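So, here come the structures, one by one.
The two complexes that follow have subunit A in common; it is paired with subunit B in the first and with subunit C in the second.
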Partner chain A sequence: MNTVGDLLHTVTADNISDGRKRLGKSLVWGSALLCVSLAVLQAAYQADHISIGFETWRPILYAYMLWATALCFAQVIVNGEKGKRTLFVLPAALFVISLVVFPLLFALYISFTDWNLASPNGPQPNGWDNLVQMWNDSFYWNALKNMVYYVLVVGVEYVIAFGLALLLNAQIRARKFFRVVFLLPLMLSPVAVSWMIGKSMFEVRFGPVSRLIREFGGEPTFFGNPEIARFMIMAMDAWTFIPFMMIMLLAGLQALPREVLEASKVDGASGWQSFKEIVFPLMLPVSVTAVVIRIIFKLKLADVIINVTSGGPGGATDSVTSFIFREYRDRSNVGYGTLLAMVYLVLIIIFVTLLLKLVSRWMERPA
Partner chain B sequence: MKVDLYNYIKAAQKMNRRQMLKGSAALGAVAMMPQGALSDGHSNVRAEILKIPGVGAGSPTDSDWQKVGKMCLGATKGNVAEGEFDGVELTFMGLNNQNLHNFLFRGFLKPWEAYTGAKINWIDLAQGDYNARLQQSIATGTVDFDIIEMGAPFEGDVLGKGLASEMPEWVKEQIDMDDYVDYLKAPVGTWGGKTYRVSIDGDCHTFAYRKDYFGPGSITGRDVPTTWQEINEVSKELIGKEDPLTGLPAHGYLDPLKGWGGFGFYFLENRASAYAKHPNSPAWLFEPDTMKPMVNNPAWVQAIQDVMDLIEAGAYPTDQINADPGTTAFQQFLAGTGSMLSWWGDVGSSARTSDTSVVGDVVGFGINPASDRVYNAKAGAWEETRNEAPNMAYIGWGVYVMARVDGDEKKKKAAWSAAAHLGGKDLSLWASAYPSGFQPYRNSHFQYEEWEEAGYDREYVEDYLGSNADSYNHPNAAIEPRIPGIFQYYSVAEDELAKGYAGQYSSAQETADAIAAAWEKITDQIGRDSQISVYKASLGM
Partner chain C sequence: MTAIFKEHEADLRVNTKWWASRVAIYTALFIWMIVCLFPILWTITTSFKLAPDVMKGNLIPWWDFTPRWKGWESIGLSPRLIGEVSTVREEFFKRFWNSTIISISAALLAVILGSLAAYGLSRFSYRFGFMKNSDISFFFLSQMILPPVVLALPFLILYKSLGLLDSRIGLILLYTLMVLPIVIWIMRDQFQGIPIELEEAALVDGLGIWGAFTQIVLPIALPGMVAAFILSLVLCWNEYFFAALLTSSNASTLPVMVASQTGSQGINWWSMAALSSAAILPLVIVAIFLEKYIIKGMAAGAVK
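Up next is the complex of A and B:
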């Protein structure tokens, strides 16, 4: 039995022989060698350097799975009890790596090719061409500018959501009923919202809202004018997701310590003073969390736009995601579309990291 | 038979000698049949199915489609034994537009499934998703369907890559391909001399207009416009007037200003073909020797300018910038908004037989408008002569069987039998007469008396069918090329057009230049040399 190291978590003694260790290592390295060799051979076959190869890359996937299995076995063979503990995490880690890292690397490669789905030659590397094209693509920058507007609107959504949360937290009649009713939009798919609201309620000829406007002598236009169209998209998206912020804020309000609120009343604070000095500051961590999550949701905004306006008129409602969707799907321009998505991913990571850094200051409490 | 009688029948029925002999032999055989057998004859089936449900009896439903499918099983029974395909499962990919296409196919094929024992699984796609789904399947080698509803423009992508199964001889006989209108015969549906397509539709855009807008005493007081120049004049004159049917604002021509997965580009083509398709060349989209886009030549720019002029004048309904072609046909024109439209022929049958149409009694048809002048791309100059060039947009839907069934004879026969059932001579008559997404495409569809039996009045049906026939047979018809990636060209074009219409580009020329630049890029990506050779072949050059 080991007498040194982590004795607290040691269950059994591990007297692992050198031969067993060699076996474990050779399993890992052997399967790794097989996987890499097959991959190299297949790459050479695909590039027409050799004449023997597989029809698809599937055998290499099997070799990778063999290596992953061997790696897991080897943990126990080489490290004994300690290796078993590793096995609690290792398969999950390998799974994540397989499904995130590999596709990401593949996407990175694709984004530097001119891959058009109709091209008989498949993806062909084209250096920095896609980046140069992106730099000169005013409609991509326009979509990014729209994203700034869309994200800024989260502030307005927050105010409305906070107001609704305060209302539903108050002692009003049929409070439970209203809580359910206000949550209903969140339960709808944005695609359903697009059709029921955007393409039916606001249909310019026979939609009920249009008829109402005509009754009052107006001529309805919802998606013809760039500013109004952008506002309509913001409104539909807000209608769907304000309940999400509202429910988070409501949970926060209900968790507020009642003693502090009652003490403020005893001290003669007015409703506004109580809100400004006590409720809002205490709600700040919940508020920041709700806003950050909402912004992350907002950065993915696409479904309503795709269904209702296709980014129009003239890109006025385009989000980056809807723009990429059209580039990728309608034009089958996989290489350029992937590059745009990768750049957007980097921008999102930078933006969210800065945002979290910034809000962490507000969320810090005095020691 | 007397020679003059023979010549008369041949001319009247547009028959060739072979068809005539077939007909005579059939007539002889029929004459020898007992009286009882005659009552179940072919022509009787045609008359009976056209009564389901009958014009004015509301839109057909699933039970109607099943009835029609069952009554048209005769040809299948001649080639397939009952239960012959027990255990066979097929996957069918098609559209679900306006609750048509696959919805009908399900009903038509249900009796076929019951008879043959095969089972069909369905992949339904919206029109806008079709091109993307197909391209992804091809590019990633994941063709997961055995039968596909597909238009001829995609033949370059699918047939050119050897992904389809060659049509067996028995199918050709079952569906009577000689009956197709001329422009749907080879090379359409063929690749490298082999036949792959069962036609279920013949496509061309025709001009539909509201009769109550034109003529003496109407709100325009003018004759029906026959040129794009007149159409723009009338559309501007109608601003501020009231629609006689709905009481809402009156409008002229309805251009869709929003894309539709590439299909929206056909609607600019309607205008452009009259300006750009000169009778001296079949090419009007690309220069055949270089694949240089013609889309930014003065003819196309004029077509874009026409649309921009109407936008500028405020001649379109509100929010037209957000109207795709489906909206202009089904939510606007058939519902009483706007007075002129170019669309596929099924607007004609839908006008009378769809529940959502209010214009059935006031709709008229013609071939696509002409232009007062035409651009001669070879000479690089306008010619002041009237030019008609109806747009054979999409060349019709067809049913294709994929090559992946070739390894299994039973499955292959089942797939082709299903395709042949959908493309059957009788069933297609019904589909062209009722809302289906398809329009007439066989010579036998133009027998007006059959339509009268369904409840259409003679004048209407001659008007509607005549516009189709005149377009198909037009000597200067604008045929689109069957080249790989054609819908990428269209898709990028409608995207750029949408930007131009919204004022993102400073002029029609700049919009057209943006399209041309994008087209050049696509050609380079796909391979210029291969595109040139396929393009020339598709134009018969």
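Up next is the complex of A and C:
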């Protein structure tokens, strides 16, 4: 995407009259004025300054949507052909901005308040108290430490996924059948997986796996021991998401230039040599993409933990997301929970930026 | 003849080596197949078991246990109960319907918004303030790293004041936001693969840019759009975190229903198993029949 100027050139011969421009501008400003004045009225109503108002803020939402629509139409009215081009990107941009940027600003505000949804007196700004509390909250640091472990496991998942992709790329029969079967775990919802595997197959008394272990004379514990519990969560998450990396790597393998592989065969390279010297280096870009996307997904890990261990034993399996989820559900402490989430967001942004920088320097290509 | 085509010792060694690699490959494939299939098989068979079968760990239907409809009866989906009124079944279908509507509308909305944006970004150069094309692309794709937990609590409060809590619209908006970067990622790759000369020809023939887009480009990009749609559908169908926080009785989805039942452990395994099977079955069917599109969607952007 390093093009200067349009790839698709259009000749525009627009004669837009001043009246048309004024119409477009007045549409935008009119609807914006309506939206703002409604919002001010509603705020005054909620603060008991005036007696007329709406029950909820929803009419302001409608006014906002009216403004967004007017903005889109005004692009064409005011700018003509150029506006039609803008119209491709504008709806998505408006959608994302209104659903991400506004809530994020709002989150920034509530993260510096003491706001318990259960108590009647709304948000109470409390300065840096939440940050101090976070600094002393050993469970939060513990959850962050767990995230490091969870992210590191991506390496193991990558090795398994690469192996499976190589298997599927080999000369085998019934390739389509195996591909569908290997894809299946990705289709299952993490909640169903946490019952199917975590709560029934690895159930200590009757689960088939515990039974198998007892056959061999062992005593099964899965979610009692911190290390094993963490390993189990990792395994369940890996089970669901290995197909994801596998498919990406398989696509990469199938796009490899055939001549190079044949040339290496002619030159007498053994299977391992041709993998190490040719396949792996050529697969590096695809591998990096797959691993980075997988890490991004991993940072959101929560469903399995919430449903299988709810963080236990003793916070050994907690991820940041599941910790905040419980913080909200058990204490409905919105202010503190949001601060934790915001800190996590900042950490993620730093981490991912560093990762991408590192990768692009190492690969000498923009990731 | 035998003298000429005598199996040389070196040939024999190659032969055995080839066979060894065959055996190794198929063993590995079968082991992973069991890893993938056993949990699914276990869940489906458990839904047909009675308590003693579960305790004894019987596995193979008709051989070491007789399949019963008990588990499916508990969600009102057995042949005996299908004609009767069942509140559990109504509950189940309500959740199922919620999941269907929410995931389909969110995926559709994301594909529409995402395709438009991706097309614009791959064809024209924009300048919004300081943001150029690459910045806009990065802005969209960077939404992927935004963890849901950051948005969850602000949205809880915002939805409460907007009266959108426990409504389908609220979830649809959030899910659209969640899958939009993925759709843009896939579609940008698709549109970049379509030669610009096609649209230039269309423009010469008198179509506008929107006409060229809808009549020329869209039909070509349709398989890619289907891929993006299916992938979004899967992600939305399985989403749990937002649904658990933002819905209660009215708009809650299937994963929330499954999760709320998991608390009751132990004795009624069969009903849990039936519920889980019913919840995963639609996507298993999707995976089997639309596997091509799912793979296409995930492979897009991985390979340049």
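Everything that follows uses one rule, which is that the second predicted complex is superposed on the first by the 268 of 367 C-alpha atoms of A that agree within 3 Å, B and C clash if a C-alpha of one lies under 4 Å from a C-alpha of the other, contacts with A are read in each partner's own complex, and residues count from 1 in each chain.
Throughout what follows, a residue touches a chain if its C-beta (ideal position, glycine included) is under 8 Å from a C-beta of that chain, and two chains touch if they have at least 3 such contacts.
As the structure is a prediction and not an experimental result, all values here were calculated from the model.
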{"item": "Touching partner for A:146 - first (subunit B), second (subunit C), both, neither", "value": "neither"}
{"item": "First, second, both or neither for A:93, with subunit B first and subunit C second", "value": "second"}
{"item": "Contacts of A:206 with subunit B and subunit C, given as first, second, both or neither", "value": "both"}
{"item": "Partner chain in contact with A:326 - subunit B first, subunit C second, else both or neither", "value": "first"}
{"item": "Partner chain(s) touched by A:345 [first = subunit B, second = subunit C, both, neither]", "value": "second"}
{"item": "First, second, both or neither for A:300, with subunit B first and subunit C second", "value": "second"}
{"item": "If touched residues of subunit A are counted for subunit B and for subunit C, the larger one", "value": "C"}
{"item": "Common interface residues of subunit A - those touching subunit B in one complex and subunit C in the other", "value": "56, 117, 203, 206, 334"}
{"item": "Of all residues in subunit A, those that touch subunit C in their complex", "value": "1-10, 55-58, 61, 81, 84-89, 91-93, 95-96, 99-100, 103-104, 106-107, 110, 117, 163-164, 167, 170, 172, 176, 178-197, 199-201, 203, 206, 208, 211, 239, 244, 247-248, 250-252, 255, 285-286, 289-290, 293, 296, 299-300, 302-303, 306-307, 320-321, 324-325, 328, 334, 337-338, 341-342, 344-345, 348-349, 352"}
{"item": "Residue ranges of subunit A touching subunit B (in the complex, touch as defined)", "value": "56, 114, 116-122, 139, 203-206, 219-224, 226, 229, 308-310, 312-316, 326, 329-334"}
{"item": "Subunit A-touching residues of subunit C, taken from the complex the two chains share", "value": "25-26, 28-29, 32-33, 35-40, 42-43, 46, 54-55, 57, 59, 113-114, 116-117, 119-126, 128, 133-134, 136-137, 139-140, 143-158, 161-164, 173-174, 176-177, 180, 184, 196, 199-200, 203, 208-210, 213, 234, 237-238, 240-241, 244-245, 254-256, 258-259, 262, 265, 269, 272-273, 276, 279-280, 283-284, 286-288, 291, 294-295, 298-299, 301-304"}
{"item": "Residues of subunit B touching subunit A in the complex", "value": "128-129, 131-132, 135-136, 138-139, 141, 157, 161, 248, 258-259, 261-262, 317-322, 331-332, 335, 337, 484-485, 488, 491-492, 495, 498-499, 501-504, 522, 525-527, 530"}
